[in-house]
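Got a structure for you, written out below as C-alpha cells; questions coming shortly.
Chain nomenclature is as follows: A, B, C and D, assigned in order of appearance, with residue numbering initiated at 1 for each chain independently.
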Amino acid sequence: MTEATLATSASSVERRADLRAGAVQRFERIVEIRGFEERLNVLFASGAIHGTTHLALGQEALAVGLATELEPTDLVTGTYRGHALALALGMSPRAVLSEIMGKAEAPTGGLGGSMHLCDMAIGLLPTFAIVGAGLPVSVGAGLAFQYRQERHVSVALFGDGSTNIGAFHESMNLAAIWKLPVVFVCDNNVYGEYSRINLTTPIEDLHLRAASYAMPSAVVDGMDVPAVRTAVAEAVERARSGGGPTFIEAKTYRFAGHSRADTAPYRPAGELEHWQQRDPVLLARRALEAEGILDAAAIADLESRVGAALDETIETVRELPEPALATMFDNIWTPGEGAAR
Amino acid sequence: MTEATLATSASSVERRADLRAGAVQRFERIVEIRGFEERLNVLFASGAIHGTTHLALGQEALAVGLATELEPTDLVTGTYRGHALALALGMSPRAVLSEIMGKAEAPTGGLGGSMHLCDMAIGLLPTFAIVGAGLPVSVGAGLAFQYRQERHVSVALFGDGSTNIGAFHESMNLAAIWKLPVVFVCDNNVYGEYSRINLTTPIEDLHLRAASYAMPSAVVDGMDVPAVRTAVAEAVERARSGGGPTFIEAKTYRFAGHSRADTAPYRPAGELEHWQQRDPVLLARRALEAEGILDAAAIADLESRVGAALDETIETVRELPEPALATMFDNIWTPGEGAAR
Amino acid sequence: MRLRQAIVAALQDEMRSDPSVMIMGEDVAVAGGPFKTSEGLLEEFGPNRVRDTPISEMAFTGAGVGAAIAGLKPVVEIMFMEFLGVALDQLVTGAAKMRYLSKGQVSVPLVVRASVGSGSGFGSQHSQTLENWVTSTPGLTVATVSTPQTAYGIMRAAVRDPGPTIVLEPRALYAVRGPVERGESGILRLGKALIARPGSALTIVAMGQTVTTSLAAVEQSGIDAEVIDLLTLAPWDRETVLESVARTGRLVVVEEAPESGGWGSEIVAAVTRELFSSLAAAPFRITAPNAPVPYNRELEARFLPQPSEIARQLTSYLATDSVPAPWWVAEGIHHD
Amino acid sequence: MRLRQAIVAALQDEMRSDPSVMIMGEDVAVAGGPFKTSEGLLEEFGPNRVRDTPISEMAFTGAGVGAAIAGLKPVVEIMFMEFLGVALDQLVTGAAKMRYLSKGQVSVPLVVRASVGSGSGFGSQHSQTLENWVTSTPGLTVATVSTPQTAYGIMRAAVRDPGPTIVLEPRALYAVRGPVERGESGILRLGKALIARPGSALTIVAMGQTVTTSLAAVEQSGIDAEVIDLLTLAPWDRETVLESVARTGRLVVVEEAPESGGWGSEIVAAVTRELFSSLAAAPFRITAPNAPVPYNRELEARFLPQPSEIARQLTSYLATDSVPAPWWVAEGIHHD
C-alpha cells in the first residue's frame, strides 16, 4: 500500500484530501492516530514531556469520519482532547507532536501545548481547554457563514460531560433560533474526567437534548467510520442548504484514563473489555478484510509502516529547537497594531 | 367582608397564612397586587421614584397560587420582577413600597430597591437582578434541605426568557441528578424584555425542556389560581416526599411593558386584548360570583377597600425617613466579624 | 447630540463603510437597544446585520468571537457589565488569547460594549463598574468613553482594531449632550489618553463618569489642575500621564470603582515607580467607598466621588501636601 | 505533609467538628479531587457530605451560595480558577452582596477553593492567577495559601468565617512538603498577614507562589529583607505592611500576575499614600510579564519571577536606590 501512504511532507490540506481517497487511507489515519496516542502515553509516562495530556484512544473513528465529510474551508472547534481531531483533519504527527513538546516550529510556536492545536489551513481553530467554550465560537463561525451566504459549515466537537455546562445550552438555542449552519458533534465517551455519565447526567441518550431547541438530531455508532460519515454528511448537507443546525451524538468509549496520571480505577468491571470489542481499529480492519480490500498481511504491513514513521517523527521532533524566549511576547494584540490576518 | 381583611399591621407570616383561609382572601391578594402595581406605575411615571421597576401585571394568579401552597419555611428565589411574588408570599405593601422608595424601614433599609425584595421570615431570599442567577441558589437551598433530611421545599420563580441562559440548564441538571426538593416555576409571560418568545426560543412549550433532565413537568394556566395550586401542590408533595424536582411552566401574559419606560409597541395587534380576557382578576372575580361566594357589590366593596388601603400606604411611605448615610457601610462582611444570622 | 446617539452614529458610520460590521445583543434591533444605542440601525441595515439575541450572554459573546475569527467585525452589546459575570471566559480566557494560541493565524476583531456604573438607581447588581474583571488580560484592549465625542471616536477605533476590545460605557452619561465631529477626523486612537483640561498645579487622571466630575471639581475649586481622560485603560497611556506628572509633580486619580481592586492603583504605582524623586507630594486616589452601590437616591449620589468631594480633597492636598481622608472618614461615618 | 494533604486535613478537621460542613466539586468525591485535595473525605464522611458534581460551575457555585444561605457551610472546589469565568456572577454579584441586600437577614458562609497559577505546563487557559476577577468585591474575602501550614490555617478559618471567602491555591505548590500543626492552634486569622521572614533592609510583600520565590531570592542575595506573606488579599492587612515599610523605608511587591491589573499596585499605592515622606526609595513591583502563560517549559519557567530575577532586582534597587528594569527589558527581549 505504499502508493496510499502520504509523504510525511504532505501539507495538512493534502492529508485532509487523502481521507476521501478510500477506506484504506481512512484506516491508515485511524492507525496513525492510535499509534500516535499510544506513543504519547509512553512519552508522558517517561517524563519526556511536561504538563498533562488527554488521549483520544477509542475515539479515532469519530474524528476520521467527521474529517472526511468536511472541507478545509469549514471551521472546527475542538477540545483539550484534540489530537485525534487534529490528525484526522490533516495536521501531521510532526506538527501535533511538536506542539505537545513545545517546539519552535509547532503551529503555535510551542506556546500553546497539548490542549491548543491549531491549523487554519484546514479550518481548525485553536482547540479549547475550557469545557464548553468552543461551542459559542462555533455558533459565531456559523453566523459569519450565514451572514455572507457562504456554504461553509461550522462544527463543534465536544464531550458528553460538556452537555451539562451552560455554554452548550445557550449555543444550541442560539444556533437553532438563527438556523445557523452548525453541526454539534457530541463525543459521548461515557466519562467526563473520573465520573461516569450516569453520575452527572440524568439521561444517557444525549441526542434527546436537541428537542429542547427543536433541532434535528442523530445518534450514531462513533466507533464506525461509515456510520459517522453518513450522519455527518446528512447534517453537513442540511447546514449547507440552509436547513440549520444538527446535533449528532456519537457513542464512543474512552479507552484511556482522563489525562496523564489517570488509570481509570473507577470503571465498572468488564466495561472496557466490552467496548474493546468495538475498538475502531478492529472494526476498520475487519471491514477492510471482509470487503477484500486488504488482507491480513497488507494490514500488518501498513500498521508497521505507520508505526515506523511515527517513531521516526518522535526522534525528529525531540531534536527540534525550542522557541526563543522573545516569542512569549509575540502575537499579543496591542491596540492600533496591525493584525496577522 | 371586613372580617376577611387582614389588619395592615399583620406580619408577613400572618399574611401568608391568610391565603389558605379561602378564595376571598386569595382574591383580595390578587386585587392588592394589581392595585399595587398600577399605582406604582403612576408613581414611576410621575418621577416620584428613581431607577426602574418591573411590573407583574397579569401574573398575580401565579404568585398567589404558588404562595398558597408553600410554607414560610420553604425558600423562594425570585427576580427583579418580584413585587407580585413578595406580596403574595406575605410581604406587606408597605414593606415592598418602602423598599422601592428606598426608605430606612424597608427590609433592606432602602439599599436594595425594586429588584431586591427580601423577607426571610417567609422564606423570600433577596430577589435576583441577574437573569437566571436565582436558580442555582434554589438548587443549593434544596441541597441543604436534602442534606438535613428536612421536608422543606426550595422554589425558583423565573421567566420564559430565563430558560435560554446557561444557569437554567445547569440548575435543572444538577437538581435532577441529585433528586433535590426543588420546584422550578417558569412564568411564561410570552416576552423577555422587548422580544417575543418566538424570536429567541425555538419552542414555545417550555415544559418540554424538562425532558433533557428526565425531570417531571407540568404545564398550567397561570392566570387561574386553582390550576396553579394543583400543579404546585403536586410538585411540592413530590419534593417533600423525596421524589425530586419538578418543572412547572405557567402560561401567563405580561400586561405591562418590560420596565418603566416601555409601552410595548412591539406587541402583535390583538394579543394583549386576547389575553385580557383571561385577566387573573377577572377570572377570580367571575369564579367568586359563579360559586356564589361574593356578589358584585361585595366585590366592588372589597376592591375599593383594598384600593383605599393602598392609597393610604403610599401616603404613609412617602413620608417615611430616608436611611442614614452610614447604613451604606452596614452588612458588608469583613473577615473575622460575626454574622447576622 | 447625546452620548448614546454618538454611539449610534459611530456604529452607523462603521457599518456604512464596512459590510462586515454587524451588531448583536439583547433587544438591540427591534427596540433600538435598551439604552437606545442602536436606534435606527435595524431599519438602515436590516436583520442580518442587526440582531436581537436570546438571553444567552455566554453564547452571543462567544458567537462574537467566532464570527470575528471567521471574518466579521461584530459589535456585541452586554446590557449591563455585570452580565459578563457569566461570559467572562469567552473574552478573557478565550478571545484575548486566540492570536497567541494560533501564532497569528487567527484574528478577533471583536468589540464588546458594556454599560457600567452607578447613578441610575438600578441597585447593587446593576451599577458596578467592574473594570478589574478585564484589565489583567494581555491581548484585550479595555476602553471607555466620557463624552459624545469620545464615545464616537473610541467606538469607531474599537471597531476598526484587529484585536478584541471592550468598551465600557457609563450608563449615567448616555443622555449627556455634546458636539460630535463625525467622519475620519472624529476617530480617536485606542491607547491614547486625552488632556481634557490642561493645567499645571496637579495632574488628575480620570475615566468615564469621573472625567465630568473632575472637571466640575476643578471648576469649583479654582485649582489649575490638568485633567487627563484616560480613555483606554488597558493598555493605558503611560507617556501622556508620565509627561503630565513630570510637569506638575502631583497625581490624583479619581475613580468610580471601590478602593479595593480599583484601576487607579496601577496608575499611582507606575507613576511612583517612574517619577518618585520628582514628586512634590504623595500621589493618591479618590475612589468610591468599599461598599456595594446603594439604591437609595441620596446614598447612591454619594457613592461616586462628587465634584464637591473631589474639590475638597484637591484643595486640602495642595494646601497641606498631605493626602486628605475620604468623606466617610472625614465625616466620621465609616472608618476605612 | 504536602500542601494538598494539609488542605485535606483542614477540611477533615472542620467536617469532624461541624456537621454542616460539606464539599462539592468536579471529581472531589470518588476520585479524591483532581489534585487530591479531598482524598479520603468521601470514605470518612459519605456521599451526602462529599459530592461529585456535573461540569456545571455556575450551578454548583450557586448551589454553594444557596446551601450556605440555608445553613450549610459548603466548600466548593473550582478545579482551575479560569472556570470561574462562567460563574463569577454567583460569587461577585450574588454571594458577596446577600448580606447587604437583606440587611443582615442572610448569611453566606461559603468557601470557594480555586487552584491558580503557572508552573505545571497547563498552558495559557489553565495557568492564570486572575485575582483581579474577585478583589473589587466588597463583602467577599479573598485569601491565598503558600505553605502546608498556611493552607491548613487559612482553610479552616475560611470555613468558619460567616461570609463568603475564595481561597486561591497555587497549583504548583500542592506537592510541597512542610510541617503542619493541626488543631485550633494551627488556625490562622483571615485578614492577617504573616511575616515569613523578619528583616530590616526592605519589605517584600508576596503571596502564594511568590512567597517561596521571594524567600529563596533573599537567601540568594544575602539581603536582610522582611518578607510578608499577605495571605488575605482582600481585605489585606494594611497594619502589618505599613508597620514594616515604616521600619524599612522600602517596599517591593512580588507578584505572579501580569503587570497590567496585578494586585500589587494597590499595595504600592496605599503604602505610597500613607508613608510617602518616609520612603527611602520608590516602592515597586516585580511582576510576571504582560503575556499569556506560555506552555513551553523553559518559557513558562520565566513567567513567574524567579529567585535569581528577584535577587537581581533587589540588589540593584538597594545599590542604586532606583527601580531596576524587569528581565525582559534588561535582557533586551521585549520593551515594555
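Keep in mind that, in the parts below, contacts are C-beta pairs under 8 Å (C-beta built on N, C-alpha and C of every residue); 3 or more make two chains touch, one makes a residue touch a chain.
Per UniProt, the chains are C, D = Transketolase C-terminal domain-containing protein.
In this text the structure is predicted, and so the values were computed from the model without any measurement.
Ranking every chain by how far its Cα centroid lies from the centroid of chain A, the top place goes to B. More C-beta pairs touch across one of B-D and B-C than the other; that pair is B-D. With centres taken as mean Cα positions, chain B sits 47 Å from chain A. Annotation: 40 Å between the Cα-based centres of chain B and chain D. Per-chain CA centroids place chain C at a distance of 28 Å from chain D.
Mean C-alpha position of chain B lies 36 Å from that of chain C.
Annotation for chain B: residues 108, 111-112, 116, 128, 130, 164-167, 170, 173, 177, 199-201, 332 touch two or more other chains.
Chain contacts: chain C has residues 53-54, 56-58, 82-83, 85-86, 89-90, 93-94, 96-97, 100-101, 124-125, 138-139, 235, 290-292 touching two or more partner chains. For chain A in complex with chain C, the touching residues are 75, 77, 107-109, 111-112, 116, 118-120, 125-126, 128, 130, 133, 135-145, 147-148, 154, 166-167, 170-171, 173-174, 177-178, 330-341. Residue ranges on chain A touching chain B, taken from their complex, read 164-170, 173, 176-177, 199-203, 208-209, 211-215. Within the complex formed with chain A, the chain C residues making contact are 22, 48-49, 51, 53-54, 56-72, 74, 86, 89-90, 93-94, 96-107, 109, 138-141, 143, 157, 161-165, 189-191, 232, 235.
Per the touch definition, chain C reaches chain B in the complex via residues 26-27, 30-31, 34, 52-58, 82-83, 85-86, 120-126, 289-292, 294-299, 302-303, 328, 331, 333-334. Contacts from chain D toward chain C in the complex involve residues 58, 82-83, 85-90, 92-94, 96-97, 100-101, 124-125, 128, 130-133, 135-139, 234-235, 257-258, 260-266, 268-270, 272-274, 276-277, 279, 281-285, 290-292, 323.
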